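Look at the two complexes coming up: chain A is in both, with chain B in one and chain C in the other.
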Partner chain A sequence: MSNPSLSVSGAAKAAPANPARPTMRRRSKRMKAALPYLLVAPAVIYLMLITLYPGVYAIIQSFHEVKFGPWRPVGLANYEKLLTDYQFWGALWNTFVIGSISLILQCVLALALAFYAYRDPWVKGWRIIFLVPMLFMPSAVAFIYKLFFLDGRVFADLLMKIGLIDGNIAFQSSTWMSRGILILADVWQWTPFLFIIFVAGLQGQDEEVEEAARLDGASWYAIFWNISLPMMKPIIAVALILRAIDITTMFTNVFIITKGGPAFGTETISYFIYRTGFKFFNFGYASAASVIMLIITIVIAQLVVKRAFVSSRS
Partner chain B sequence: MASQRKKSKGENLALRYLILGGWALFCLAPVLWFLSIGLRPRTEIITPQPIYFPSFSLDAWHMIWSDWPMGQYLRNSVAAIIGSVIIDLVLAIPAAYSLSRFTYKGREDIGFYILSTRMMAPAIVAVPIFFLFRNLGLLDTIWALMLIYAAINLSFVTWIIRSYMLDIPKELEDAAKTDGAGELRILWEIIIPAILPGIITASVIAMIFAINEFLFTLLIASTPDAYTMSVALSNFTGGSDGVIYNAIALVAFLAFVPVFLVVVAIQKHLSRGLTMGAVKG
Partner chain C sequence: MARIELKDIQKSWGAVKGVSDVNIDIEDEEFIVFLGPSGCGKTTTMRMIAGLEDPSEGAIVMDGETMNEIDARDRDVAMVFQGYALYPNMTIYENIRFPLRMRGVPKDQHDAKVRRAAEFVELTDYLDRKPGALSGGQRQRAALARAIVRQPQVFLMDEPLSNLDAKLRQAMRVQIKHIQRELKITTVYVTHDQIEAMTLADRIVIMEKGAIQQIGTPDQIYNDPANTFVAAFIGSPPMNLVEGTLEGGVFRAPGIAVENLSTRHSGQVTLGVRPEDCTVTGIPTHLSGTVYGVEPTGDVTYLTVKAGDKLIEVKADRDYRATLNTPETVTFDLTRIYLFDTATGQRLR
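Moving on to the complex of A and B:
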């Protein structure tokens, strides 16, 4: 989706294969050239149906007012409105703030845990225990945190018991505390994702280099910082990109825990699009927001992801 | 292997176990607490003072089977997920074969296009997909869920399988080729058996993502006909009496246990799968 021009050319190349159905001898030669395209074509066509088609649809819809009746062309009105919509900019900002804090915390924690775990004789056991949060359905995790902090007031009660506060905490009226809950839930569930990858990266490194450094008297900490970490850079980059993609599309926790509140302070861009489209049935406007997000995605995909994935691998 | 590594003299083992043990506690405590929520009566969940030592009750267990069509939600989830994994494998195996075994113009671009669909935020395509399925008359069916889960996971599955295929030595194929075997026969008789672990890993990861999927399911499923476990949870709000947490907790564990067992079984391949083959763990 993020790369429509490329996909179109891919399909165009695959196309000439279809009409080719001449005699056996010719066929075998042409078939040979066409075969790789024929093999990859079904997947590409399927993905285009489910990504390129919606992309084009969203672009067209974004120039219309689409509520309940027929589409009414409005030109750039939706985009003009978006540019001055503080809720839209707020949603972009919230996504960025919640996402980056969450990502940084997860990365640091996962690196620290991987550093301590990978040489441990019970590394397999740690890995299984740490995996547990990741394997719960995100909607269930959202309810755990909703009950713990909001509905059940367990967190406030625990703090009261150890004497840190003397009263209830009004999480729902504080933007930063609400964001904190979203961040905590994300860190709890997804730090294992990075941990698993980092441990594999550390275990996969060349042990001889490590051993040599150790015999030279270097501490484990120094080895990690000066040898392991630089070697792990490509792995860290790939893992963080994958995590960043998921964090920027954060929806489930917002939908269940905060509903975007208080005062839109935790509304992410995904929730903004959902609310505009499916709560207020302002589909044209929601599509305009989708298109802007799509453009951001394509730019990031081309600048960052392509480099991290394709060039480092081939 | 990790177990063979000797520990350095100056290393502080106490600190290591404090940190690892602390994180283990942080991982497990909420889970155990939530299990206790599932096994207590509803009257002891949301109370003026949180109750830490509740009475034991299987109310929620009876409730999820008698008051809700939980069996149907489960069937919906399983059908949609298995269907989507089959679609993914049918599309991804030939695609991965093409991307890993042939050299041709545009290969890198096609590969990147497939990868890049993973970056798509569900919210971006949510509105058009909703209309697409409405026009096709597929709203509120598990067929729509199947198609959408397959689309979400296709990039992952293709890249994981591609990574495993790249590891197969070319000689294996060349030998078969000199015996006169065609490309498709090589794929079927040599490549697929050799990368079976990769195919299983990819399927398991696709399964997890499909179980977790929330936004599309929320939009597509509007009646119990197509509710899956994930979205059914958010509908356990029981109307006027608020969220029914003990039922939610039990359903969460019901979904968790099989996933956990399967993932433990493929542990070794997990890191490679999660990075679409970029890390060979």
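Moving on to the complex of A and C:
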């Protein structure tokens, strides 16, 4: 593309018809100016269709009362109602609790595993294997956990077999045990994702820097704390944002494993929105809740990105 | 501050031999340079001294103590890496302070030591910058300051100047030699640059294919090479090596005849003569050929003469000029002629 010979138009005129020379093509100025836009156009159009249109649609809908009939404008009424809706706040809290515990657990676990294994040649060659849990369909994972802890009682049976407990464990009746199942399922499925990213990040670090630290007298954990971890900051931030966005919209596991119970104790925001929209058919109200969710996600993502990147530069 | 002995060191990765039969005694306070082309095992040997690589066989002894089982961080050696290996997330100040922190030096001494080391390498104005904001030469000096700050037993330097431009390299060379003499720390320096080796070293260890070819002072290496590899590796331009036959003290090769050689050897030999030991005389003596190339550099002119199918490099007078393909004759300094066994490459004495 940047072959200089293409743009030397004067030379082309001066040396006519040399059979050994390839033909010289000239691009019009307008074509040159339009090219970058043309190249990104497919992606932009795609994004517009699948995210921008429904997004704008939801925002507009959130200012209306929408049941099955025509839309009725209600101004900010949906948002006002949300502010005093204890189920909405409960769902926010549940999302925060389940999400943050699960995020912290998988992050720490993935970092520890990555730091332990990243220089291992076996891990270098076969890291794709660790992606297997991610390749499971999320609903399949949810069913496995549902069978293991609730319907199939596999876990309780195992404990009974080795004589640790006498009867079944009623996971459904405890808020924290139900949350625990959701957290466990999410950690199991998504730790490998973080692990792969962290391994790649650590493998990208200069090996000489680590050796220099060793010769300077640093132990492995001093190297981890003082060098590897600070250098990983931007990578960790991006990985966590991806996971955090995913976790804030946690739906499949809740829908399949707990249905938000017991007593709304595991109802996440997504499940709240689903219930409002598709069980009570209150679409305007559900849209308002999604808009608030969207704003929260964007704000958190912005803060994390800014902090992580500013501190790793300068 | 430390004597290092390498005893029968071998290093192999499976069937691949990296280093074999390395035996070196490095004196206290000595500046020793490992010199050789890439892949000759010099860096591996240094990494074994550092403890970053384990020898497959043999012993590394420092001040009488065998170091093989001792971890890298407990060997009290400091290393300057080719890529500097500064910690990118820390300021230069923190970089230099890092070894003090890790080795439990009392905190109240840190500041003075860091500033002293920074002064040594003239880096005091850049202490609050991060490595990314420094030039190559400044990073190099920061790495040097980090190595000297805790006064280690041994300095190891792995091609520390190879990423710098020629002018800066020369300046840093002088600085490194000065610092080493001042601090009196045993130093092992790895390079593939023979000028660096000649200018810095007390003794040079020339390596090729994992084995030592010769150990000696720069003068010994230059004036008394042990084999054709050493002869051709040291000197710029390198020594001319001509294969020919030796019969009754007379060496013959196409276009070349050298008589009155005081030697008892005969047969297939390689004659070595440095470009600086050749003179253009105009009288047919040792070499008669044609002018192949003339390269004036300002202070000296390099003349390449073709004799048979062999090109002979001559360091001629700065004003020397000649037309291509005209006949030319060259005289060798007979006191500085070297004879090597063509088959083994070993010096014939």
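As a convention for this text, the second predicted complex is superposed on the first by the 259 of 314 C-alpha atoms of A that agree within 3 Å, B and C clash if a C-alpha of one lies under 4 Å from a C-alpha of the other, contacts with A are read in each partner's own complex, and residues count from 1 in each chain.
Going forward, contacts are C-beta pairs under 8 Å (C-beta built on N, C-alpha and C of every residue); 3 or more make two chains touch, one makes a residue touch a chain.
On a predicted model such as this, the values are computed, not experimentally measured, just so you know.
Colleague: In the overlay, answer first, second, both or neither for which of chain B and chain C A:227 touches.
Modeller: Second partner only, chain C.
Colleague: If you stack the two complexes on chain A, which partner ends up touching A:219: first (chain B), second (chain C), both, or neither?
Modeller: Both partners.
Colleague: Mind working out whether A:99 is in touch with chain B, chain C, both or neither, as first, second, both or neither?
Modeller: neither
Colleague: Is A:90 contacted by the first partner chain B, the second partner chain C, both or neither?
Modeller: neither
Colleague: Using the touch criterion from the header, give the chain among chain B and chain C with more contacted residues in chain A.
Modeller: Per-residue touch count on chain A favours B.
Colleague: Taking the superposition on A as described, I'd like to know which of chain B and chain C A:260 touches: first, second, both or neither.
Modeller: In the superposition, A:260 contacts neither chain B nor chain C.
Colleague: Share the list of chain A residues that count as touching for chain B in one structure and for chain C in the other.
Modeller: Common interface on chain A, chain B vs chain C: 214, 219, 314.
Colleague: Can you check the complex and tell me which residues of chain B touch chain A?
Modeller: Going through chain B, the ones touching chain A are 2-3, 5, 7-8, 10-11, 15-16, 19-20, 23-24, 26-28, 30-31, 33-34, 37, 45-46, 49-50, 90-92, 94-95, 97-99, 101-102, 104-132, 147-148, 150-151, 154-155, 158, 183, 208, 211-212, 214-215, 218-219, 229-231, 233-234, 242-243, 245, 248-249, 251-252, 255-256, 259-260, 263-264, 267, 270-272, 274-276, 278-281.
Colleague: Quick one: which bits of chain A touch chain C in the complex? Just the residue numbers, please.
Modeller: Contacts found on chain A: 206, 208-209, 211-219, 222, 226-227, 230-231, 312, 314.
Colleague: Would you pull the chain C residues touching chain A in the complex into a rising list?
Modeller: So the residues of chain C in touch with chain A come to 50-52, 72-75, 77-79, 81-83, 85-90, 98-99, 102-103, 130, 146.
Colleague: Within the complex, which stretch of chain A touches chain B?
Modeller: Touch list, chain A to chain B: 1-3, 6-7, 9-10, 13, 33, 35-37, 39-40, 42-44, 46-47, 50-51, 53-55, 57-58, 61, 109, 112-113, 116-121, 123-124, 126-133, 135-140, 143-148, 151-154, 157, 188, 192-193, 196-197, 199-201, 203-204, 207, 214, 219-220, 234-235, 238-239, 242, 245, 248-249, 251-252, 255-256, 269-271, 273-274, 277-278, 283, 286-287, 290, 293-294, 297, 300-301, 305-306, 309-310, 313-314.
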